[in-house]
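Here come two complexes built around chain A, the first alongside chain B, the second alongside chain C.
Our next item is the complex of A and B:
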């Protein structure tokens, strides 16, 4: 091939790469831009000091943070323990069944999980629209991610470390705790953070389980509906006044900021994970 | 796992580990085919043979490291000081404390250098709390690592060179006071200096610990071992004192292997 032709082909390739990048970046920029523009005039401290009843977001921000905390407390331990069991203890047949289980759960649309949560939790168990119903529904949605990332994090730890623990006569639990978990923790943490980001962005399952309230959340687990950010986006966009639209934009922006912060933390964790792995024996 | 009625190994007072009629299958593949061998107490036995002949499987059968492998079946008998290794009611963790192991690549725990040495001994309840520091120093001196690490016992072992990491693994293995040490090509990933250090250490263990030493390096076998066990395709070709094996191999296949010819 002639050099000029080759140079032309390289240039074309790079142009395509650049174009692909632009296609990815442009919508993100448009998103942030639109939200900023939409929220613009409403962006003030008033958002954090007033509840949605007075065109603020205080109750919704608190609600969203509370939900995150709840999901972390429920889906975190269950998911991490499930992943550990799958990676280290489950016999092949049972592991296969459990994997099938969580992969199925991951495939269930969130609105369906919300509906099931409504029937089982809000009605059957009489929890009503409440923090606990909402946290359980969201936990069911993010659980597969937590299990999966934990399992993969442990499977990526070189098996020579398993050998080392066993050959020294350590119990499987001690081997897990002292040899396998330390290098897996950053990856597990980044999985948890991703799960929280998903939880903060969900709306559909909460419509049926958490309800909505204009008041600041109480810490009551049962029968008390709670406000949260994504619902404000959904609701206010349908309301008539300009100010209400601006609050919708601000709520969208706040959700985005929360998720970006979580992604940032997750990135830091997975960078640590990569550095840790690079040091480990192969 | 099933044990069949194979003849019990001869009660030889000089043998620490006796293997008789040992067959190991993984799924339908037969890795070891009814081998018998004895590892003399306080001696170094080199296990040699071409890749895939079952050396590592033999080693990992001795401390039951293959127990968790799916589809794995072990038949025959292995005795450690007269006690069946696979016998009913055998405490596997205690067995593995008695039979230590060093692997092809150094695999220190993601813990501090001190913790790497002390963890096993502490878990097995061998050291009193107040003697830990002294014991750790003793072991690190014994493997020749003390001068390099005495000022960073609390830091990660992964900053050490591969050779140093392997020496640390040696200290970790020796910390639980094993009767037998299994070495699976422990120097194949190391530089010549570290290799020499490990070989020196193996020599220093003689009389105190029974060493079973898998190696691909025949010179190394000749240098370090008292006895040679030559495996081929899952069977024992010859077990003999090292001088006899290299100078007067009893089997034509041994001679061919030593001379680097196809066997």
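Our next item is the complex of A and C:
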């Protein structure tokens, strides 16, 4: 083939690739821009001092933080302990089965989890639209993520540490606590934080489990619906007036900032984890 | 250097992927406290699987009356109506009572879910692979992590924000500028014929879904491309191949099957996405979209949109009918997802697929 033709193809191919990159990058910037533009006029302290009943976001911010805390308390311990089991204690066959289980759970559409949350928790167990129903539904969504990151974090700790523990006559638990967990902690923490980032951006599983309220959240676990940020975006996006769109934009911006902060913290933690690993013996 | 050959493979530092498993545990190596702890930890590890089984069992149990009432018509019927919820008159079909006039035909929603997600996948796949190739092969190493932030941003943006942006900006923009051009294709392709609408419909939803699944495909592809042996690439360049030829002959064949797996995962996500589609779909009920620009609806979006009114059905059949939609959705997504994971396990051994949204 003629060299000019080959060079031309090369150029064309990479031009298309960079075009694809631009097409991916542009919308992410455009979305942030739209949120800023929509939220702009509404950005003031009023958002934090008034509830959604008065076009503020106080109750939604508090509600979202409350849900994050709940998910951390429920999915955090279960996921980390489960991940420890899969990485350190599970016989091969059983680990395979349980891994299949959580990976499949991760593939269940969030609205199906929300539907089950409504039928089982809100109705059957009479929890109603409440904090606990919402936390449980969200925990089901992020649990696979926490299990997976914990498992991977432990598997990245070199096995020589396990051998060393065994050679010293330490029990497996002591080896875990003293040698295996410390270098894995940053990576596990990064997984937890990213799980919270996923949780705070969800809407579908909460619609029929957490409900919505335009008042500040009560701390009651049962029967009290609670407002949260993503619902405000959803609701106000479909409402007609300018002011409502401004509040929707502000709620979206608040959610995004929360998520980006969490992703940032997760990034720091995982960079730390990589540094940690580099210091370990092979 | 490790003294034990068995442990060598597990200690590799470089690379983001977990390598190998620890040496299998023998019972004799465990103390009594270890064994006790093992049972406790097993309990925690079993919870996700238990949740999965509970979800599946409950969805199936909830859906049975609707499937019995509608029979095969559930999959072929184009009218989905809860019937007259204000009258106490009942209509019995196949031995199952439901409100008068109730018809549960889900064909339009199944069609909408499949078509929108397939369009999204067809657009997202070349987009993600091209973007990743540009990023990993041509963007200077210093800048790569900075550019990667945009993929994370795309993965991190909540789906309601996608929907909000879709109805406010993208939909009107496309309807004004891109769709009239695409509409000219109508002369050749019937599905492009007719009104281009106002930006809420099948194509807008598909393009929003495209943006949502690009990060999933891109994250996996990026890890796979980074795993391509550098010597093979350098060899190709040394033979005088251009970078495009190297990508085509070395890189892409090496990662091809992994990309198929990533595509399946992305597809599964597009199938199950709810909020963004709900906002930009135009929510057409009881009809197939007239063309690619016109309103439609999906199974997931319909569940959210109609559950509120379904709750007022005293016979409970409306909720059962939505559960039946959920079961169909569940079966399709879970099958897609599992197939993707099966493929990647065979292709890439222990490679990590993103669980969640590809953050």
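The criterion applied here is as follows: the second predicted complex is superposed on the first by the 258 of 282 C-alpha atoms of A that agree within 3 Å, B and C clash if a C-alpha of one lies under 4 Å from a C-alpha of the other, contacts with A are read in each partner's own complex, and residues count from 1 in each chain.
What we mean here is this: a residue touches a chain if its C-beta (ideal position, glycine included) is under 8 Å from a C-beta of that chain, and two chains touch if they have at least 3 such contacts.
No experiment lies behind these values; they were computed from the predicted model shown.
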Which of chain B and chain C A:178 touches, first, second, both or neither: first
Comparing the two partners chain B and chain C, which touches a greater set of residues in chain A: C
Which superposed partner A:158 touches (first chain B, second chain C, both, neither): both
Partner chain(s) touched by A:106 [first = chain B, second = chain C, both, neither]: second
Partner chain in contact with A:140 - chain B first, chain C second, else both or neither: second
Contacts of A:14 with chain B and chain C, given as first, second, both or neither: second
Touched partner set for A:92, first chain B, second chain C, both or neither: both
Partner chain in contact with A:276 - chain B first, chain C second, else both or neither: first
Chain B versus chain C as contact partner of A:166, first or second or both or neither: both
Doubly contacted residues of chain A, that is, touched by chain B and again by chain C: 92, 158, 160, 163, 166, 171, 280-282
Sites on chain B touched by chain A in the complex: 63, 65, 70, 92-97, 100-101, 103, 105-111, 115, 119-120, 123-124, 156, 158, 165, 169, 172-173, 176, 182
Residues on chain C engaged by chain A in the complex (per definition of touch): 1-2, 4, 6-8, 10-13, 18-25, 29-31, 33-34, 37-38, 40-42, 44-49, 51-55, 58-59, 62, 126-131, 133-135, 138-139, 147, 150-154, 156-165, 167-170, 211, 214, 218, 242-245, 247, 265, 268, 271-275, 279, 300, 303-304, 307, 319, 322-323, 326, 329-330, 333-334, 336-338, 341, 350, 352, 355-357, 359
Complex interface listing, chain A residues touching chain B: 92, 158, 160-161, 163-171, 174, 178-179, 182-183, 276, 279-282
Complex interface listing, chain A residues touching chain C: 6-7, 9-10, 13-14, 16-21, 23-25, 27-32, 34-35, 38, 77-79, 81-92, 94, 97-98, 100-116, 118-120, 140, 142-145, 147-148, 152, 155-156, 158-160, 162-163, 166, 171-173, 194-195, 197-198, 200-204, 207-208, 230, 233-234, 237-238, 245, 248-249, 252, 255-256, 259-260, 263, 266, 277-278, 280-282
